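Next come two complexes built around chain A: one with chain B, the other with chain C.
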Partner chain A sequence: MQFSEKSEGSLLLLEIGETRLEASNAPELRELLIGRIETGRDQIILDLQHVTFMDSSALGALIGGIKKMGPLGTLALAGATGPVLQLLKLTRMDKVFALYPSATAALTEMGG
Partner chain B sequence: MAETSPGLSRTVERDLKAVAPVALAVHAYAEKIMGADCAAAVELALVEALTNAIKHGSINGRETGQITVTVQPKDDALVIEVIDTVPVVPEGLLDKAGAQRPDAGLDDVMSLAESGRGLSIIVLSMDEVSLRTANDRYVLSMVKYISD
Partner chain C sequence: MTIRSTLGILLSVFGLMLLALLVTQGAATYQNYKDRSEQIVIDQARNDLLSAIVGLQNDRARIVLIDGSADSALASADILYPSVEAMRRASETLSEIGTDTLQELGAAISRQVALLSFQADEFAAVLASGDEDAIWTQSFVGIGQIDLMQQRLLEIRRGILLEVGIADTTLGGLQMLRNYIVSVNNSLQRNRVLALRELEAGQFSLPPATRQIDENSRTLQAADSVYLETVRLFDENLIELASALSDFLTQTYIPAETRLMRAVEAGQDGTPERLDWIATGDEAGGLIDGMLETVFDRSQTYLAQEQADALNTLRRLSILSVFALVMFGLSLFIIARHIVTPLEQVRKKMLDLVEGDLSPVALEKFLLQDLRGMVDALRVFRITGVRRERLTQERLSLHAQIAEAHHSLKADMNAASKVQLSQMPAPGLVGKIRFASFFAPSHVLAGDTFDYLELPDDRVGLFQVDVAGHGAAASLVSVAAHIGARRALRSLKPGDSLTTAVKTLNAHWNPEMTYFTLALAEFDTTANTGRLVQAGHPHPVLIRRDGTISRLGDGGLPIGVLPDAEFEEIAFHFEAGDRVLVFSDGIYENANTENEIYSEERFIQFLTENATCSTEVLLHNIREALDAWTDGGQLSDDVSLVIAERV
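Right after this comes the complex of A and B.
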């Protein structure tokens, strides 16, 4: 899975480089999130600006991440647009994840 | 008389990596007929259906064999069919998927299911969804109306 990561204080920004998040790469997405959470990262922003398509398998990986994170941490989604945002709304997951229009907005809001 | 756009037909190997190229081809075709938003809904429903067919085709012991996707305009709608030698989706689950409330259980994140949303997404994305058998094949038929 193509991605880049950057830490800003206690925040971890994961920018996904893939344009599609679907069943074929959902396990890698899950591994990426769970792996970072298991190292103690509890404030993660997933930047989806490059992602033009997402399916329920990838959504399941995100849900796995937020469950692993637990109530004391935050897994936020940034830059979700078009079909990605539509899927989140269709499944009501826009009520579960903190959504930000951009990584910059997320960093600003969550950075306090 | 309006010219009818020719349909589209693709075969899909039973491999999750084979889904995206077909989905993109169907999206491009659908977008010419019904615009970007409807094409996106069609693509999502198709990806969910193919993923389900591939995953359950393997579970049922059939790891070889292709799945066929056809897309055909019909009247004021686009008909997308996924044809397989095993049920594309279990029929009982298709009926249940239509009745599921998408906002059920949102209060408790820890109880959220990590899988099983595919069929609901198909039903929510398309205007009509049905399952039938034809010539020893199982056909999942998904219809999207072309809005004005």
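Right after this comes the complex of A and C.
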């Protein structure tokens, strides 16, 4: 799975390079998130601006990540559009994840 | 071209060349030996011929004296016979050996022998008779014959020389010396005759006779210096021998002859000079005979030495040849035994290995290191081959196990799929609601499930579940979800809160299990109403009797994400002819061959266009649209859709 990561203070920005998050790469996404959380990162922003499609397996991976995160941790989703945003809305994921229109917005909000 | 044939050809060529060299060399050496042997015999013949010539020269002088009967001591009964014997020996020798030419020359000598023999007999007869006239006549004829014969024999001698040639300088020197002796003897004998005749007449009355004698003397001297120089040129060792005669002639004989002639010319008696001259002449004759013998001895000794040398060379060459042939044979044996045969064996074993014969490399320990290296390599190849064979067997066995496991798994999956399908309710009327459905798992087993059931007090319940993911794991979770959802519906009393039922279901969902989306509905056919809880499931579609379309619900969290999640209940009218479509996201999230998903918008658009169709036609069209989009290929997500129609 293609991704890049960048640290901004206590924030970890993970930019997903894939256009589709689905059953085939959901396990990798889960491992990535769990791995970072296990190393102690608890302020993670997932930049989904390149992702055009996400299925239930990938959503499951995100939910797996938030379940792993402690009560003080945050897993923010940024830049979701189109079907991805529709799925997040349909499943009311705003109740589970912090949603931001863009990574910049997320960094500003969370950093401040 | 194999190594065997290449080596075979090379060694054959080498062997043939060696053989040719040995044969050529051997033949040349043998020929040399034969030539030397022949030369010894020919030298004897030539010596005999020379003796005959010298004998004839001497006899000529004696015949002249018989004629004059001046000095009967010079004449004897055995005149000419020694020459006949010498010539006969030469003739026989030449006839027995040598070439056709030599045999012809032998035959020519033989004819001269007959002639001379006849002459000798005639002389013997007339001498015995004592008839002076007859003796004189016979002498006159005989001298002419002897001169001719001498000429003839010299020619034959030249003929032999032309035929056999002069082998080397030593023989050349000896030949020169012999010629010199013959020439000296000729001049000597002729002078003797001339001088004796003149003495018989009492004076040198005829100046030509004196001149002739002087001329003969000069010839002697000239021949002397010329021959000496030539002999010196050929062989230094002969010079002493030649000088002995030369010195005697120039220092003793010629001065004696000169003194005699001067005395006669001066009109003196000259008896002491004459006696002195005759004595030196006899001495010269003896010297010449001795020299001829010495030259013959020398040439025979020399030739015998040459013959022995040739024989030695032949012997050495023979031993060398045998040694070379033995070495060649030994080389052949070593090459065949230690190179060609091992290579053949290695090659055969290599081919056997290629053919798959993996029996141990049972080759002897070869002598040559390279070949031992090859055998070691073969052993490594074999071990690799054995290992590969074992791996292949293991792989095949593993493959068979996998195939069996796969087969068994597939059978299990198919059995499970049948169970899953049997769990799905049949289409048809439940209470006053008619249900139709479309179910297509992306794999054999689906994570989607649904059910509908009649509830007390004219109520009908419906739910649909979509477990995240698909396949066996999702399908097992879906069974659990199915049981939970069905229990929730069954325990639902009229007027009970749907959200409470869903919240209970969510709260009791094992957090270790995958989450799922759920649409749960209850229809009241008396009140013509319906209510619905949407938990992460796509918004159901309500198609009114008149064909107007609307979406139900505002979304909601899936089951199993947050244990204390809140849910909303949506109420709607549901009258005769109205239809509700409940579906999982697979209906619009399957991708085509360009990996493009069908999309929710396109699906809603499709439903809008087909809203007035009967349920059967609508279901048929949905199936066709999905098939057209996926081109009949593998589905990437489970598809399930239920249509509930109020009758």
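Here is the rule we go by: the second predicted complex is superposed on the first by the 112 of 112 C-alpha atoms of A that agree within 3 Å, B and C clash if a C-alpha of one lies under 4 Å from a C-alpha of the other, contacts with A are read in each partner's own complex, and residues count from 1 in each chain.
The rule is simple: contacts are C-beta pairs under 8 Å (C-beta built on N, C-alpha and C of every residue); 3 or more make two chains touch, one makes a residue touch a chain.
None of these values were measured; they are calculated from a predicted model.
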| item | value |
| --- | --- |
| Fit or clash between chain C and chain B when superposed on chain A | clash |
| Touched partner set for A:Arg92, first chain B, second chain C, both or neither | both |
| Chain B versus chain C as contact partner of A:Lys68, first or second or both or neither | neither |
| First (chain B), second (chain C), both or neither touched by A:Phe53 | both |
| Contacts of A:Ala23 with chain B and chain C, given as first, second, both or neither | both |
| Candidates 200-208, 272-280, 326-334 or 560-568 of chain C: the single one with C-alpha clashes against chain B | 560-568 |
| Interface residues of chain A shared between complexes with chain B and chain C | 20, 22-23, 53, 55-57, 59-60, 63, 67, 83, 86-87, 90-92, 95-96 |
| Chain B-facing residues of chain A, complex | 20, 22-24, 53, 55-57, 59-61, 63-64, 66-67, 70-71, 82-83, 86-87, 90-92, 95-96 |
| Contacting residues of chain C [partner chain A, same complex] | 466-470, 511, 514-515, 517, 536-539, 555-558, 561-562, 565, 585, 589, 595, 597, 599-600, 636-637 |
| Of all residues in chain A, those that touch chain C in their complex | 20, 22-23, 26, 53, 55-57, 59-60, 63, 67, 83, 86-87, 89-93, 95-96 |
| List of chain B residues in touch with chain A within their complex | 16-17, 19-20, 23, 40-41, 43-44, 47-48, 51, 54-55, 102-103, 106, 109-110, 112-115, 117-118, 120-121, 124-125 |
